[in-house]
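For reference, chains read A, B, C, D and E in written order, and residue numbers begin at 1 within each chain.
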């Protein structure tokens, strides 16, 4: 039987798993799909060595990774597949936080805060003198990269004295049991644990604070923490009929939005699916992401940008 | 003596000849097996060399960046973050505290269980309980981790309301219970191997089961029991999933079991669950941490070996 | 006669000793009870949580985005396949090493170093075996993320346990038996093969079982070599209808195992997957139970055959 | 080479034979004792009286139940699954039935010492082996222990050989030395009665002689029940002899009578079978 | 009770004493044998000749090195760390030095059988215990095995007791039965020479007598070296006797001479020390 190999982000994994499930049902097991979880970076490493056909990614490919791909002659098609809203949460017994500004988040999480910002009273005058304990994803995840870039301004720039975990349910548990806690992770984990956590509305610039939700993520008002997620398809593999069929299903606007919603993420606007499918059919390779910040870009805009290998 | 027909058919010379052929074959088999056995034993040395090679190779690169003095004196461990510190002490402290809590549970618990099973319980109870205990050893450690986090910690929080969600006490206790079967099962095997005649000697003196167990059986089985303890210790020091889930993963230089802290293993698994680019300093840290862990367990074992040699001498 | 003369004094001492004896019996029961209680609590907790999913569809199903549809067949098959490789690799090497070290190796500083080394190897955290496997097996030897690589990794992990258990079992055999065999003119290997190994099979099996029981629930090293999680098919069967009837393709097949599947479900946001994780935990424990039961039957048979 | 066909008759002169009408009070009275190992009926209706401060020897062919009988006296069979006692073994002066379930075996064993057929020292030092019984009786004063250990070792004719290595392992001793150590161990607690199960079968003649001498000496203070298959030993050291066969007590009486004018044919066959 | 002070003199009549000038060829010649357990010098310059088809007895106090000496003959000490041989033990007719490193201990052990002080049966069936030596010599035909097992068990005077339970565990036998089983096991392979280390110390007199008879019988076919501390046994069964003391061979000669007119004071002391 033919085999499609997919690996990469744990965040994107549930979507790919859902598509793979439907795909195998549709093909009655004649085509085999394997999906691994190596993290976005790990996925790209294998992808650029040509070991897998598709890489799941919760952030865009990096210049270094592009270089690795180029060295091995791997060309790729970059396709956005869904949105996620990074959610900042506190304990329900926390009665003083009404919202947080991006600036306050930066003061909490920036490297300079390490060992210094240890109490809520240091974040905003008037807040109680309660110890501030932080929970977040480990430094190797796409989520971490995106959050630090959006909040601190540089991917990976974070303080180190918090509880990092690759298992977000562990973070949920930590925040739920600690009155002074603050944490961040994907929206789905908040949605499933509404009773035990409180999501903090985020104020970006002068706009009023926005609470995370499927709606605010899709309509682009939840900024700067809503992020796109991608799959990267090996251009060579895309010629194989089974890979082609698989990706087409992934971008089928009749199927995909429901699958994405099933697993707790935000589907793209319909128009975006069409655009993406068109790119794929035309075999447009390369990324639209140059160096610098990509925070807060609308998806349609992304899809129209110039691409580079 | 009547010589049978069967035997007569085989002349003495023929028998001797057959024996000689057979002996030659047996010796050849012996020589071959000696080589095979040596190869097998050498293989386990190869494994160690492999581990040392992998660990040292990356650690050397690590220590080119990070001076040894920082590694052993800095009290912060944040190698993957912007303000990078490379002090192993917080991880080491976390490892030692969780292990100590675990051993405080596992060594008495395991020894008492073993003594009970081998000297007190009837054969039927022993045959029923031992497999169940061994089963405890087969439960995936992830399960124990969530058990500590979701069951034991809330329980402890009722007694001690200020206990944080992630704390070393809860992780250590569960780890201890998890290790009991290892200690108990191996110790019990060792105790069972003590000859019955020795027990009889003790009982005939009017000793009770407890006295026989403590004064004759345990000393007689000491090398096996010490082996069980060392295995238990190594398990405690090397246990990964329980501490990763329940003890918290924030490096925290403390010896207070009521606080949360990361252990060396928790750090390694946390990093390898994510993905660190090959060749980066972050990648090297897990090997440097791994090497430290390796050396800690090595130190325990050498200590245990010396202890055993010393105690044997007393007899 | 001083102390022991008076039967009443003796009785007093005996009573006091026996009180301690009884107190210890209570303590022993208590400790066992607590350990068993924890196991029971754990198991019952899992059982209650996982009960809704414990049905035939779950056992024979494939992964799915819908928790109520997801099954663990590939994980069960993967676990069996990996255990097969693990046992096939670890048992012979472990037992033979144990025999060499206990019965053949000369007692000198080198053996002392080796002994400490083996004990130490038994204590090397599983995650480090994962790193070893990643560095050597997956990359250097190019085994990839296969059943073979995982099986060998776990084999390395339990190898020292088997060696240590083998040595303990051999040590328990009275030297009088060895002498008796040697005196009849047996070669060393005949002594081992006809006597020492058969008589120590029970002890060796205990070690093997404990090792496999540990390997079956091991998560960390399999994660580091990158076991896949979505596998909606089974590896090729080892037997075929056409020549040469056996196939080793399954060794290189992608796979998943129970603890990985569990871990994957546990870290899902949806609570329904936690039910699946619990159900998988129950299946895993039952599998271990069955393994233990089978092994205990074998072990007891050996013990009954060999008495001292 | 022909088998010697005659052997000197046993010399029973020089002994102080127990009178047919012995004035020693009974120490133990065995009444219709039956013993089973599971299905196997190992002792069949044994009855006899063991007199205080006398040496009683048990003789009989291998497998006849001598060891089994001896082990009833300190309830050693309690440790064997499926062992079953019936009947009475009354211990005087307090007149308790040793094998009664309600009687505490620990107390019985503290009062009645035992030395086994095969030497079974503990994996401890020579000193600690001998001190063991004292320690479990709660004696831990160094001076007392030292003194009692020395005395016991001297009594067991082992002191001179081991006094310089008291703290070395007991396993370093030869088989004979180990057995004497076990005897010393039993003597250290000064029991009322001593059970000896072929205690000299691993000893050379000199050690045997000194043990026999010791038995004779101990006879002044305690009651001894000794299993032996050395007829001469039985003749030399015992006041009474019991001859067992296939689990039954065939004949029991003063040693002199048993050896010179046995009443039972089987006894005579056994004794003379050895020598003629 | 007084210790018996006189014992009958040994009766050496009815024996076929080996002549002072024995015409039997030497089977083994021991030349200046020294043996060390690590630091401990256990055998000191022992020299003697063991003649073919004769029974040679080793006597001496416990711990004097009898077992150690015996074990040199089949290189049993090879299994002990730190054991060191010096000197020669020449085995005839082929005149090889048994303790030469270049001589294969396996071959030596196949030719020279041994029975140990403590019975050490294998945890196998009675049948398999006896058949084992044959099996490792490549004999596996059922008929041959059956016959040889039976013969060996008969020779060891055990056949009647075990013939109905040949396939039951050897551990179900009593101590004495176990020892006889070990003798049968050694006999089954029909060795040229047999080493017996106090083979009867766990046996009752009847079994002992039958073993002694067997030794006398075997003497017609093979050479026997027997350790015993039963002087009468030595007198009854042996042609030559060696008396050892503290690792040295004090005196060696025809049994009759050793027992009736020992040349050495120490020998006399030892022998008479036993009897008066």
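Simple rule for what comes next: a contact is a pair of C-beta atoms (placed from the backbone, for glycine too) under 8 Å apart; a residue touches a chain by one contact, two chains touch by 3 or more.
Protein names from UniProt, one per chain: B = Phosphate transport system permease protein; C = Phosphate transport system permease protein PstA; D, E = Phosphate ABC transporter ATP-binding protein (PhoT family).
What you see is a predicted model, and the numbers here were worked out from it, not measured in a lab.
A.B. asks: Taking a step as a move to a touching chain, how many steps at least join subunit A to subunit E?
C.D. replies: Contact-graph shortest path, subunit A to subunit E, evaluates to 2.
A.B. asks: Give me the chains shared as neighbours by subunit A and subunit C.
C.D. replies: The common neighbours are B.
A.B. asks: Identify the chain pair joined by the greatest number of C-beta pairs in contact.
C.D. replies: B-C
A.B. asks: Using mean CA coordinates as chain centres, what's the subunit B-subunit D distance in Å?
C.D. replies: Centre-to-centre distance between subunit B and subunit D: 47 Å.
A.B. asks: Using mean CA coordinates as chain centres, what's the subunit A-subunit D distance in Å?
C.D. replies: The mean C-alpha positions of subunit A and subunit D differ by 85 Å.
A.B. asks: Going by the touch rule set out above, which residues of subunit B reach two or more other chains?
C.D. replies: Residues 26-27, 195, 206-208, 211, 273.
A.B. asks: Among the residues of subunit E, which ones contact at least 2 other chains?
C.D. replies: Residues 106-107, 110, 118, 136-137.
A.B. asks: Could you pull out the residues of subunit C that touch at least 2 other chains?
C.D. replies: 10, 14, 17-18, 174, 187, 190, 263, 266, 308
A.B. asks: Pairwise, which chains touch?
C.D. replies: Applying the touch rule to all chain pairs gives A-B, A-C, B-C, B-D, B-E, C-D, C-E, D-E.
A.B. asks: Please give the residue numbers of subunit D that touch subunit E in the complex, ascending.
C.D. replies: That would be residues 1-9, 11, 13-16, 55, 60-63, 67, 117-118, 161, 173-177, 198, 201-209, 212-213, 216, 219, 229-231, 236-237, 239, 270, 273-274 of subunit D.
A.B. asks: Which of the residues in subunit C come into contact with subunit B in the complex?
C.D. replies: Where subunit C meets subunit B, its residues are 10, 14, 17-18, 20-21, 24-25, 27-29, 31-32, 34-36, 38-39, 41-42, 45-46, 92-94, 96-97, 99-101, 104-105, 112, 114-132, 135-136, 156, 159-161, 163-165, 168-169, 171-172, 174, 187-190, 192-193, 203, 206, 209-210, 213-214, 216-220, 223-224, 258-259, 262-263, 266, 281, 284-285, 288-289, 291-293, 296, 300, 308.
A.B. asks: Any idea which subunit A residues touch subunit C in the complex?
C.D. replies: Subunit A residues touching subunit C: 1, 5-7, 10, 13-14, 16-18, 20-21, 24, 29, 32-38, 42, 166-169, 186, 188-189, 191-193, 259, 262-264.
A.B. asks: Give every residue of subunit B touching subunit C within the complex, in rising order.
C.D. replies: Those in contact with subunit C are residues 26-27, 29-30, 33-34, 36-38, 40-41, 43-45, 47-48, 50-51, 54-55, 108-109, 112-113, 115-117, 120-121, 127, 129-144, 146-147, 151, 174, 177, 180-182, 185-186, 189-190, 193, 195-196, 206-211, 223-224, 227, 230-231, 233-235, 237-241, 265, 268-269, 272-273, 286-287, 290, 293-294, 297-298, 300-302, 304-305.
A.B. asks: Provide the residue numbers of subunit C that touch subunit D in the complex, in ascending order.
C.D. replies: The touching residues are 1-5, 7, 10-11, 13-18.
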